[in-house]
Amino acid sequence: MQLEHFLILSALLFAIGFALVVTRKNSIVVLMGIELIFNAANLNLIAFNRYDPHLFQGLAFSLFVIVIAACEVAIALAIILNIYKRFQTINLDRINQMNG
Amino acid sequence: MDKNLLILLPSLMVLASSLSFIFLRKHKKYVIVSTIVVGTGFFISLFSSVNLGSEASILYQLDWIKLGEGLHLDFGILVDRLSIFMCSLVLFISFLVHMFSTEYMKDDPGKNRFFALLGFFTFSMLGLLLSSNYLFLFVFWELVGFSSYLLIGFWWKKPSPIRASKKAFLINRIGDIGLLIALMLIWSNYGSFSITELVDLRSSNGFTVITSIGICLLIAAIGKSAQFPLFNWLPDAMEGPTPVSALIHAATMVAAGVYLLVRSEFLFSSDALTAISVIGCTTALLGGISALSQYDIKKILAYSTISQLGYMVMGVGLGASCASSFHLITHAFFKAGLFLGAGAVIHLLHEAQKSSDKHFDPQDIRNMGGMKSLDKTLFISFMICSAGLAGLPLFSGFLSKDAILSASLLSAERFGGIYSAISVIGFLTALLTPIYIGRLLWYVFFKEYSEKLLEIKDKIISNTPAIQLPLVVLAFCSLGIVFSLNPIDYHSSFFISWLGFNMNSSEEWHNLTSVLSVVLVLLGIFTSYLIYQKNLDAIKKRLKASSFYQISVNAFFLDSLTHKITVPGLLRLSSGVKYLDKRVIDRAVDYLAVSQVILAHVIALVDYWIVDGSIRLLSYLSGRIGKRFGNMQSGNIQKHIIWVLFFTLLVMLLLLS
Amino acid sequence: MASHYLSILLFTPLFFLLLVLALPKSKVSASKYLSLGSASLQVVVMSLILLGYKSDVQSAGFHLISEFQFVERVSWFSFDLGSLGIFKVEYFLGVDGLNITMLLLSAIVFLIASISSFSIQSRLKGYHSLFLLLSTSVTGSFIALDFFLFFLFFEFMLLPMYFLIGIWGGIRREYASIKFFIYTLAGSILILIVMIGLYSSAIDPVATGVESGILSDSKYSEEHIGIVQSKLFANEIDAEHYVHTFNMVYLVDPGNYTPNSLLSTINKSFISGIPVRLIAFVILFIGFAIKLPAVPFHTWLPDAHVEAPTPISVVLAGILLKVGGYGLIRIAYGIFPDGGLHFSHLIGFLGMFSILWGAMNALAMKDLKKMIAYSSVSHMGFILLGLASLTSEGINGTIFQMFSHGLISSGLFILAGVIYDRTHDRMISSYRGLAEKMPLYTTVTVILFFAGLGLPGFSGFVGELLVFLGAFKASDLVPTWIVIASTFGLLITAAFFLWTIQRMYFGEFWIKPEFDQNSIFDLTKREKIMLIPICLLVVAFGIFPSLLTDLSYNSIARFCEIILGTGKLNLELLKP
Amino acid sequence: MSSMGLESLIGYSVMFICGISALLMLITKNVIYSAYALVVTLLSIAILFVFLGVEFIAVVQTLIYAGGILVLIIFGVMLTGKSKVAGVFSEVSNLGYGLLFSISIFGILVYIIKQSNMETTGWIMAASSKPRTTLSIESIGEQLMTTYVLPFELAGFLLLVAMAGALVLGGMAIKKNIKDAA
Amino acid sequence: MEDVLINNLSQIKEDLIFILPEIVLSLSIIFIILLDLILKRWYAGLNKALLLIALLTAGFVIINSGFTSLKNPVYIFSHFIVISSSVYRLKLLLILLSALVIPFIPNLDKQKASIFISLFIAILLGTFFMISAGSLLTIYLGIEVVSLCSYMLIAFNTDTKSFEASIKYLLFGAVASGVMLFGFSWMYGVTGSIYLTPEFFTSLGNGPSLFVITSIVFVLIGFLFKIGAFPLHIWIPDTYEGADSSVAAFLSIVPKTAGLLLIFNFLSGLNNTGFISIIRELLFISAIITMLLGTFAAIRQSIFQRLLAYSSIVHSGFLLAIVCAPSTNAMSSVLFYMVAYAFANCCVFFINSRMISQYGYGLIEQYSQPFSNKAIYGIAVLIAVVSLVGIPPTLGFTAKLLLFSSLWESYVSTSNSLVLASFSVGLLTAIVGLFYYLKVPYQIFIKSGNHSMKLSISYAEAAILLIYTIPLIVIFFQPEWLLKLIADI
């Protein structure tokens, strides 16, 4: 398993994550896309970590990334819930009071 | 104390009296004071001229503006015989006009303003004459124009005087610009404005400079002295009160241009002189022809003034500035006399109209006739002045015109070419002069009463001494004997020798001229007589009976000729020129003014739409751009991310390539 | 040396401003008297300054600090920029022949404007506070000799003006005020660019000498400066020891520029082939030309004038525009003589163009005030023309023209205000034959109109004459045809003034039927108090111009000498 | 090396599954399907982590992501998907530009990765030659509490604040809900 | 083994003293949350007091620590944090800037209030880590702390717009930080290290160029997001509009300053690599477009807070240009500018918050209504706005002068045409900026509406306005005071 293949897979996940973020109207799916992007980065970190003499920098980094992703999702969902209460939708196109 | 200081006195007195009217607005009767002041001024001036040496001297060389070491603009007074004589002349005529006006304007509500302005004008004119340098000459030159503007527009409630005054000022302004450019040329080439210094300096510069200075000075004179092609303000300026016309538009202001040319004689190159004489003779001819067909008494005189001024300018161009100044002086007297006479006529009719409650145009000669019996003094003095104008021997006009014409013949002999043509035109004009003045006289004095006049004839009362005295004095001054002991030979004129001019001695030309001009004048008078008599059979006989016309009876065979060729031709030519003047030159000026206003509007539009518009376009565009960016800011977060992606891609593609 | 007249002059309005602000609500109407008091006090101080002012060659100023008069020079603030050296701002005031007349003019104009301000009825406190602020900033920009200080005052004119037009103005005041603001801000930003370039390029030789140990104390002497400059030229002074300065007097001397800076004459720096110094000149020129205003940067002026209340029009035309002219002389030309010489054709052309363009526009205007505003544009063209000539006559004419235009245009705008106060209509076509009902008004109008068209005997003539003489003389700098073309401006100017007189003042009395016929009455006492002194001054300076020129001709002669000298030298050096 | 071969075979198939399930997320419009596809992706990434020798992270990934986050997400879908169809299915927009840019960014990234050939660069080359050490859970713990104590504390602190905030925010939503119901 | 551990732990104990301010802030957060749990009711103004106390304590700790006179940088917590005297001063400055926002922190209900100020402090804490970061991980954590807390902070507004703003901000921010993270991971791949040591940058410089540049670009996307520069500026208007005035003011000042410092540090790290010039160029282009975009979009805004958002975009662009321009005093002029900007901006935001609290929303034209104390508000707005435009005699002018000077200097030394371009665009935007900045003074002074409304002003509020405006004028006349403070950083 070459490093390159991990990198390419991560690039794929990155691109798909982007595509999801951009094309999906449902904010939860957008959130999933963002998670894909984070995972892409994580995959990179771990893939490079394999060569790290201490085997730790990438690992630690990815650990924190996972933690922060969790925080992010929690906050996002809290906000989305509020939005849903107010707008009765989580379609991003409809959440558009401010314009200009 | 230098007794030359006396010279300053009149001008200061005049200025003071003029300004004092600001405070005397309520006290209208004090206007007589200003007459007295001007009269005293005249005597002072005359007195100081008596002791004057022949050398020019400069008084009061003062720094007006200091611009650095050795760089200053001065104020100074030049005293020589010419200037002092001119001063006396101006004061004299001004005095007479003042006197005349006390009566003529006695009922006008703006009487003090009138006298204040007259005084101010006289002051400016004196300043112009006494200035030792071109700068102050220019200053007073403009002030003269300014006071003339105010005087023409004296009756400001009527639209036509105001329009005329504006026209006069603007056209004068063109001449002023010429003078200003001349000033700049002089300053940049010589670094001095002083007339006396320039005499020494002038040779230090090239021919072109001199010529351009000359041309610019000519332009100045064209504007001020109503020369071709800028002469049509002068007839319009007759909208002003008649005394003003007499003072300004006959004797003094219009002569300022000639004075400028005479003063600057040393600055003219031969090319400039040719230009001057061409302009002069053209003006003389056109003015003369135009005068033929006018009906407004003042306009006839105005055109005649233009014609005579043309003579003077021509004289300068022919190198006979002496003759020109001579003509200037004689013309001043007889033309002032004529104008005041015309004023007297108008005044008579006007007063009569007032008392009889009939109204017609008191300036139209067709409404007159038979006036000779109404006011004898007026008639006689008017006749004398007319004779002066026509150039009858024994009258002043003969002497001066003779001088100019003989100079033209001399030049024609010397240089030939264009000068011959100039000479011919000069003589032709001499022929025209008696024709139009004869016509005027006939209409005003000899013709039977016009219907309109008949209605108010009884109301006409003879003029008061305040009006008659100036007329008589001026008529006296139009006699040749006043200027020359030998009233048919200008060489013996004490005036010329006193002024120190060096008259070209050309005896044979002089004789020829004298003969020719006498012939021409007589021919002219006769023609005039024939024309106007034949036209109106009813009064022909009465005219024939008059002794004055008997001398031309034997020229009767010319009658048919005149009728068939000369008269229609002349009339057609006259109306042609009039048409040309009205339709082309005058219109051209009008069109120029109109087109300037149109151009101004176009420019204003350009200013609004293009200069300012580009700024507004910019602000509009920036608003639009803002809108476009705002649309990008649609609030749609995913579109934004696409944008981010797009730009990231762009950067990366850039990096890849 | 110890006199603080200039500071007093500068801070008088500020002091009165405090008084205005302290007025209780019930006494607000007293603020106009405070404005008047401030202006009168300024006139008094100004007369004291004139009494002590020396106009001999030894006090010509311009490029020597020692020759300035009433100098006040205190270090304001400075900071160390490490390897770049120190940057120093001074509170530096002084008077020489180039600004004394402008100072006098500003005192007169503000006095007149403060009397005119009596007609303001609403929001008095605000109005007078802003008015006093304006007074300070105008005065300040004339006497500041430190570029930073100058710029401070120069910029600070904008805000009071903006509000004075915007709040107390006419119907389209909002548009006019913002336009005024944007234009002039654009101008001052351009000036700011050059200011930044200048201070980073030039040094204070004395302070640098002290800083780098070449001089022992800050005693000023020509010789010492020469030493420092030669060391600077030889690059023997470390950059850390540079004391960068905004001092305009030092900026004049090319020896004070650090050899490697962009604006140095010996460091051949170019932007797309054009020497940076010339570019800087152009930027500076445009900056001031907007203020002046010269065509094509003038379109803010008619709008601003038309909408501004009368006293503000008076200040605007009377003195604010002159700041632009003064800036051109002292700063644009003074600091970049090379640019002035290099572009003299263009500037002369612009001057001519302004003269004709402004006059033509004035001819087409239907609004009296707009016509006067465009006549201002036309008259300001003379300033450029005179300046381009770089002759003693031309510059004297420029300064005289500024002064005389200040008086005349103040008067003209008051005249426009008089009729506007009566009927609230400024259209020329709304009136005819005003002379009948308003003889004195007409008289004053005729006097000022003729003064405006440059009739001898009035001050307008002297300025124009000198400008023409100078411009024509300098045929190597200003082509002759430009001058001759400019003379036709006189004709057009005469045309629109006379035409206006004909249409508005003469003829049978008639006004638009919708006006109250009784509203037309002759000048009130207050209007007379403003107008008659203006007329008298205009005539006095027209007859005795040396009253004014004597104050400044030595400085101007010095100015021309230096500008021509260094300008030619610099141009040689700048050649690629 | 057969075990290596087998290992890589499994590894590549996991990669393949990972990619396919990620693509599936893109293809399906059903939010629930997407969520499940995401689970598969995340789990396969966890497996890849095992292959890369960091079992600890694999466990964390499984627990936090596949367990925690996904439960949260599905919970969110359920809570907000009341309106039956509309909530469960996600609408699609910007498909053209989105896909175009995503594909091109993928292409570019792949190109760059291919171009730069990371395995031959600097430290990776050096590290490849050295024998690999394994990392015990113990040492991970120790490192986290010593070397990485600052980030660790910071992350913990962040968790605290985030949770408190999320709690209040979520509480606001629920309160509002109650108010609406009342 | 044990020894190493003990050694490590004692090292940590020693290092703790260096992050005393951070500890103070964290403890104060915990204290506030606890206080919330203990107290039965929350007193109005308590949150302001608490925040002030927290900030004062932190500031006090910094001043008393004596570390402001540290000679050399100190690497603590195994190089995760770099501490130097300038970092301390910066922290002090950030505390000062945050304190400016205190007067208009809204009075919320009990629970919300405590979290609100906790988040506030947390953001400040995050910026501390951002500016003292010694590794990629610290940067990442710092940025995330700031971001996550900002997302929540924005949601703490009564307005319904706030959640919309919050979710947009969150999604956008998450993508940006994901991209940045991706960039970090690649950087780690190139260098094998997450510590920002000189070796890190050297090996970055020696890595495969495309790979490295892509990673840098990705990282910069995260940074640019933080300061709100093109093309990552788009969240700003919506966010500011939806957020409470205090939050918007805070976000426009503190995280932005930290972000700029981060970019500056990052660029100075990259300075010796071969990529610096291309990165600079990219940033310059970004800066130029940011300025233009912000300016032109600001012109047509009708909501004051949104307008201020665009204005902050313009300022970001301008500051970005300075940060990129190589000049000796770039950073000090940026900080000077930030101080000027903070005072003016807070003043404007404060007045707007007063307006919103009275009127519900903050349309610009609302200011034309006649309200009592209009003159006081008007003059305060005017001074602030004049300072924002950069017209003397206000601090904004001096700040702008310094910025333009350093741009000029940079142009003189590099002759880079992009510097010149950003110089001119900066000038242009300064002029056009008038169009929108003057809108409010224009409405207040020149327009006159007809709906009278009450907008009272207490002495305290007047005093606050004085606090905001007086320095703007006084420091203009004595800039040395502020310059001395900043020049050492």
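Note that the chains take the letters A, B, C, D and E in the order they are written out, and that residue 1 is the start of every chain.
By definition in this document, a contact is a pair of C-beta atoms (placed from the backbone, for glycine too) under 8 Å apart; a residue touches a chain by one contact, two chains touch by 3 or more.
Just so it is clear, the model here is predicted, and its values are computed rather than measured.
S.K.: Going by the touch criterion stated earlier, list every chain that contacts subunit D and also contacts subunit E.
M.R.: A, B
S.K.: According to the touch definition, list the chains common to the neighbour sets of subunit A and subunit B.
M.R.: Shared contacts of subunit A and subunit B: D, E.
S.K.: Which chain's C-alpha centroid is most distant from that of subunit D?
M.R.: Farthest by centroid: B.
S.K.: For the chain pair with the highest number of C-beta contact pairs, give its two chain identifiers.
M.R.: A-D
S.K.: From subunit E, which chain is the farthest off, judged by mean CA positions?
M.R.: For subunit E, the chain whose C-alpha mean is farthest off is B.
S.K.: What whole-Å value do you get for the distance between subunit A and subunit E if each is reduced to the mean of its CA atoms?
M.R.: The computed centroid separation for subunit A versus subunit E comes out at 26 Å.
S.K.: Measure off the straight-line distance from the CA centroid of subunit B to the CA centroid of subunit C, and report it in whole Å.
M.R.: 42
S.K.: Can you give the whole-Å distance between the Cα centres of subunit A and subunit D?
M.R.: Averaging C-alpha atoms per chain gives centres 7 Å apart.
S.K.: Can you give the whole-Å distance between the Cα centres of subunit B and subunit E?
M.R.: So the centroids are 81 Å from each other.
S.K.: Of all the residues in subunit B, which ones touch at least 2 other chains?
M.R.: Only 630, 633, 635, 637-638, 641-642, 645, 648, 652, 656 qualify.
S.K.: So which stretches of subunit A touch two or more other chains?
M.R.: 7, 14, 17-18, 21-23, 25, 30-31, 42, 47-48, 51-52, 60, 64, 68, 71, 75, 79-80, 82, 86, 92-93, 96, 98, 100, in rising order.
S.K.: Residues touching two or more other chains, restricted to subunit E: which are they?
M.R.: As it turns out, subunit E has residues touching two or more other chains at 137, 141, 144, 148, 152, 155, 168, 171, 175, 179, 189, 192, 210, 214, 237-238, 300, 435.
S.K.: Following the definition at the start, I'd like every touching pair of chains, please.
M.R.: Chains touch in the following pairs: A-B, A-D, A-E, B-C, B-D, B-E, C-E, D-E.
S.K.: Considering only the defined contacts, which subunit E positions touch subunit D in the complex?
M.R.: Per the touch definition, subunit E meets subunit D at residues 5, 8-9, 12, 19, 26, 29-30, 33, 77-78, 80-81, 111-112, 115, 118-119, 122, 125, 129, 137-138, 141, 144-145, 148-149, 152, 155, 189-192, 203, 206-208, 210-211, 214.
S.K.: Under the touch definition given earlier, write down the residues of subunit C that touch subunit B in their complex.
M.R.: Residue positions touching the partner: 179, 183, 295-296, 298-299, 357, 360-365, 392-393, 396, 433, 435-436, 450, 455-457, 461-462, 465-466, 468-469, 472-473, 475, 483-484, 487-488, 490-492, 494-496, 498-499, 501-502, 505-508, 545-546, 549-550, 553-554, 556-557.
S.K.: Quick one: which bits of subunit A touch subunit B in the complex? Just the residue numbers, please.
M.R.: 18, 21-23, 25, 30, 92-93, 96, 98-100
S.K.: Please name which positions on subunit B make contact with subunit C in the complex.
M.R.: 63-69, 71, 135, 138-140, 142-143, 146, 149, 153, 156-159, 162-163, 166, 169-170, 173-174, 176-177, 180-181, 183-185, 187-188, 593, 596-597, 599-601, 603-604, 607, 611-612, 615
S.K.: Sort out for me which residues of subunit A touch subunit D in the complex.
M.R.: Touch residues, subunit A against subunit D: 1-9, 11-20, 22-26, 28-29, 31-33, 35-36, 39, 42-43, 46-53, 55-56, 59-60, 62-64, 66-71, 73-75, 77-82, 84-86, 88-91, 93.
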